[in-house]
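The structure appears below as structure tokens.
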Amino acid sequence: MSETMTDIDSIKLSNAQIAWRAAQDIEDGAYVNLGIGFPEMVAKFQPEGKQAIFHTENGVLDFGEAPKPGEEDWDCINAGKKAITIKPGTAFFHHADSFAMVRGGHLDVAILGAYEIAQTGDLANWSTGRGGVPAVGGAMDLVQSAKRVAVLTDHVTKKGEPKLVASCTLPLTGVGCVTRIYTSLAVVDVEGGRFVLREKIPAISFDELQALTGAPLRVEGDVADLICPEL
Amino acid sequence: MSETMTDIDSIKLSNAQIAWRAAQDIEDGAYVNLGIGFPEMVAKFQPEGKQAIFHTENGVLDFGEAPKPGEEDWDCINAGKKAITIKPGTAFFHHADSFAMVRGGHLDVAILGAYEIAQTGDLANWSTGRGGVPAVGGAMDLVQSAKRVAVLTDHVTKKGEPKLVASCTLPLTGVGCVTRIYTSLAVVDVEGGRFVLREKIPAISFDELQALTGAPLRVEGDVADLICPEL
Amino acid sequence: MDKTIASAAEAVSAIPDGATVMIGGFGGSGAPIELIHALIDHGAKDLTVVNNNAGNGHVGLAALIEQKRVRKLICSFPRSADPRVFTEAYLAGEIELELVPQGTLAERIRAGGAGIPAFYTATSYGTELAEGKHTEEFDGKHYVRERWLKADFALIKAELADPHGNLTYRMAARNFNPVMAMAATHTIVQATRVVELGGIDPEHVITPGIFVSKVVEVPNAAQEEELNRAEAVYP
Amino acid sequence: MDKTIASAAEAVSAIPDGATVMIGGFGGSGAPIELIHALIDHGAKDLTVVNNNAGNGHVGLAALIEQKRVRKLICSFPRSADPRVFTEAYLAGEIELELVPQGTLAERIRAGGAGIPAFYTATSYGTELAEGKHTEEFDGKHYVRERWLKADFALIKAELADPHGNLTYRMAARNFNPVMAMAATHTIVQATRVVELGGIDPEHVITPGIFVSKVVEVPNAAQEEELNRAEAVYP
């Protein structure tokens, strides 16, 4: 297994590349919530001519980029408590209104990280189940309500174990909620309780990819090459 | 009965006087909703040094008096669709927020008219039950949620029949909701499923008043004289 | 992204027969008269309309009813200074009425927009408007369970709009407009003025653009009250 | 009527031991640091605190926890840049935690303010946070029933306030403040500036004064983030 891991690490996409790939699917004018951490990078990779509008659950819609260091206004932050800026079109609102947007299905896409994703679309991304201090934030609201729920993740854990699984072993964030998974090796849709492989990086074979996946990968039509720019 | 009625008509309080009496009980700084029609007069009779803040369910708090004829702005109206004005302190909000104030118990007093009030505090004031077009507006919300629900009414119907009854015959607006009744003859509290007489106009005896009331009037302590200025 | 379009006619052109349409306003204040009249011209029928009232005189919602386009009305107070159009249609059995207490109506619409399929309220408990509804006791008090209300389209009157659909309202014309904007699949706005992006202070936005589909500028919007004083009839 | 009072100390002086206290803010933005510090000085203990988070560093909510005044915390995300105070108290079993998904937390608070004892949400369905809760299917989808959340006191940070308690907020510091202001029996506000009646445009009021009990002006309010960068400790 450790030999395979070495191979994978050398060919897999970086987090930035995974975020880039996810950004390509966002329609012009889409309302998008990006999870704390690595999903936040998606905002940087919006394709020319397409502009998403970003929502942060602490009550800001259509915010701008991070301010320069030293120019932060700590009343103007995102859900990750990082400083953001306003721009023409920004709107502020309170938390119940913000989650009315979420729960009411007004977001086109929510993009989050994951510990495990089941072939049924179940997602586990909030608790390792190992004790400590549990924290859920807005993830359970987002995954149950956005029109599309996309996950960005390494294809396997640091130990080389599949993150795409037949059924989750960790505490769930939501049931049957994930629609597409962008991994470090592939793009996989969740359809009808099955993983459907849409794209894979050219450097890995289908059989190798299947071996790194905890449930069957269906193929329907062509599997496109997953090619991302150097970032 | 008709002879009694004539007598009553000559001694009873006018609507303005009933409204004046109700106004005397409103605390300084109380948040108050006045029903459409005759209860609206209460606003005119606030005692010196006490200032209530009026709420109208279509989304205005702390509004001013009616504008002069010809100076109406039809975007600035009350629940009776009459033109009002703004003043320092006015706030506008939407309908769900407005009824959050109502339903959430934030109003100190709601003052409404009535067809019938039962000794249990049940109120009937929205439907005569005789067909036609039913219309309820915000009455059912107001009576279930304000801290005090006061009714302004003639003591008897135009036919001389009691409006304070053992139990309502008309469709209910709310159950056990009325706390005080200001009539053209008396002030009556609803306590523990009973009418308790607090004040009556001096020109009527207790027995006469009881005869015009459809359920027993209890007396606890003194019954004060109900004396209103000429208005 | 620019949600502005050229005309009220274009704005309502996609509303099909049988649609559920929320129409903002409380009486005449906040009523999107020009959008309603465009809807009459467009011709869609068998509509279910959600509004606080049932129209006044022969313009706006009353005109839509008079033209026999409304199959069912969901409202709290179907009375007005001149309610003849609705009254006659109702008494003739030509229009169905669902009467909803005003606060319950506002909250059912907000719930529709906020993804809350049902909630409990003390309003209407023990009355005939609660008949057939699930009731429950919480902390010793009785409550009625009410369902969300959603629509295919909402017709909204705003004061300012920007190209992303951020909106402000004018005085008590706000009323049902912001919650209806949340509760419809397609929210169509007539704004007195369309300003450039950034023309509305982020602190003053009442309806964020996420709830808005289309915006048409109607600079000199009619007031129902004034039309009725002039005894106007549409069409 | 004038709701303004002279000091933060006076503002919190009526908070008894055992009270449920909602504290506005999301992380440091909108956190009423001066009111929290006044509450520490006041000495009330055995508090149940409702906040999105669990404090950061050794100021504000973290300081209140460090001083062992909090018996139970209801929050969505008890993590921060420096969560040691809560983490240690929690792992030592000294503080009870009720973990609530963030949107459910916001809506439970709003429901408390709006007189809605229970509502349904899809959030948390099928997860361990829904265990023991009533669930129901509406239109083919599963929902969890959640109860309202109310408090004895709310500590709120506003930007402008007038003597009647009308409030505005500043940017994303709005967050939980307006809904918490609705849900408490006594709502205590620290405002950066108190303006005269009429000093807030009626269109721009975010929290109408009906939800506010007391207002204290705190002109140069501390930002939790800046206190933590300076490694401040309270008291």
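As written, the chains take the letters A, B, C and D, and residue 1 is the first residue of each chain.
What we mean here is this: contacts are C-beta pairs under 8 Å (C-beta built on N, C-alpha and C of every residue); 3 or more make two chains touch, one makes a residue touch a chain.
Chain-to-protein mapping (UniProt): A, B = CoA transferase subunit B; C, D = 3-oxoacid CoA-transferase subunit A.
Nothing here was measured: the structure is a model prediction, and the numbers come from that model.
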item	value
Touching chain B and also chain D, the following chains	C
Pair exhibiting more inter-chain C-beta contacts, A-C or A-D	A-D
Approximate Å spacing (C-alpha centroids) for the pair chain A, chain C	37
Centroid spacing, where centroids are CA-atom means, of chain A and chain D in whole angstrom	30
Distance between chain centroids, defined by C-alpha means - chain C, chain D (Å)	34
CA centroid of chain A to CA centroid of chain B, Å	57
Residue numbers of chain D (touch at least two other chains)	107, 110, 114-116, 121-122, 169-171, 202-203
Per-residue overlap in chain A, given as positions that touch at least 2 other chains	86, 92-93, 96, 99, 102-103, 145
Touching pairs - complete list by chain label	A-C, A-D, B-C, B-D, C-D
In the complex with chain D, residue positions of chain B that touch it	28-29, 31, 51, 53, 55, 61-62, 86-93, 96-97, 99-107, 145
Of all residues in chain B, those that touch chain C in their complex	56-60, 72-78, 81, 84, 86, 92-96, 98-99, 102-103, 122, 132-141, 144-145, 171-175
Parts of chain D lying in touch with chain B, wherever the complex brings them together	1, 110, 112-116, 162, 164, 166, 182, 196-199, 202-203, 205, 208-211
Of all residues in chain D, those that touch chain C in their complex	107, 111, 114-122, 136, 138-139, 141, 143, 147, 168-171, 202-204
Residues of chain D touching chain A in the complex	26-30, 52, 54, 76-81, 83, 86-87, 90-91, 97, 99-104, 106-107, 109-110, 121-129, 142, 169-179, 206, 223-226
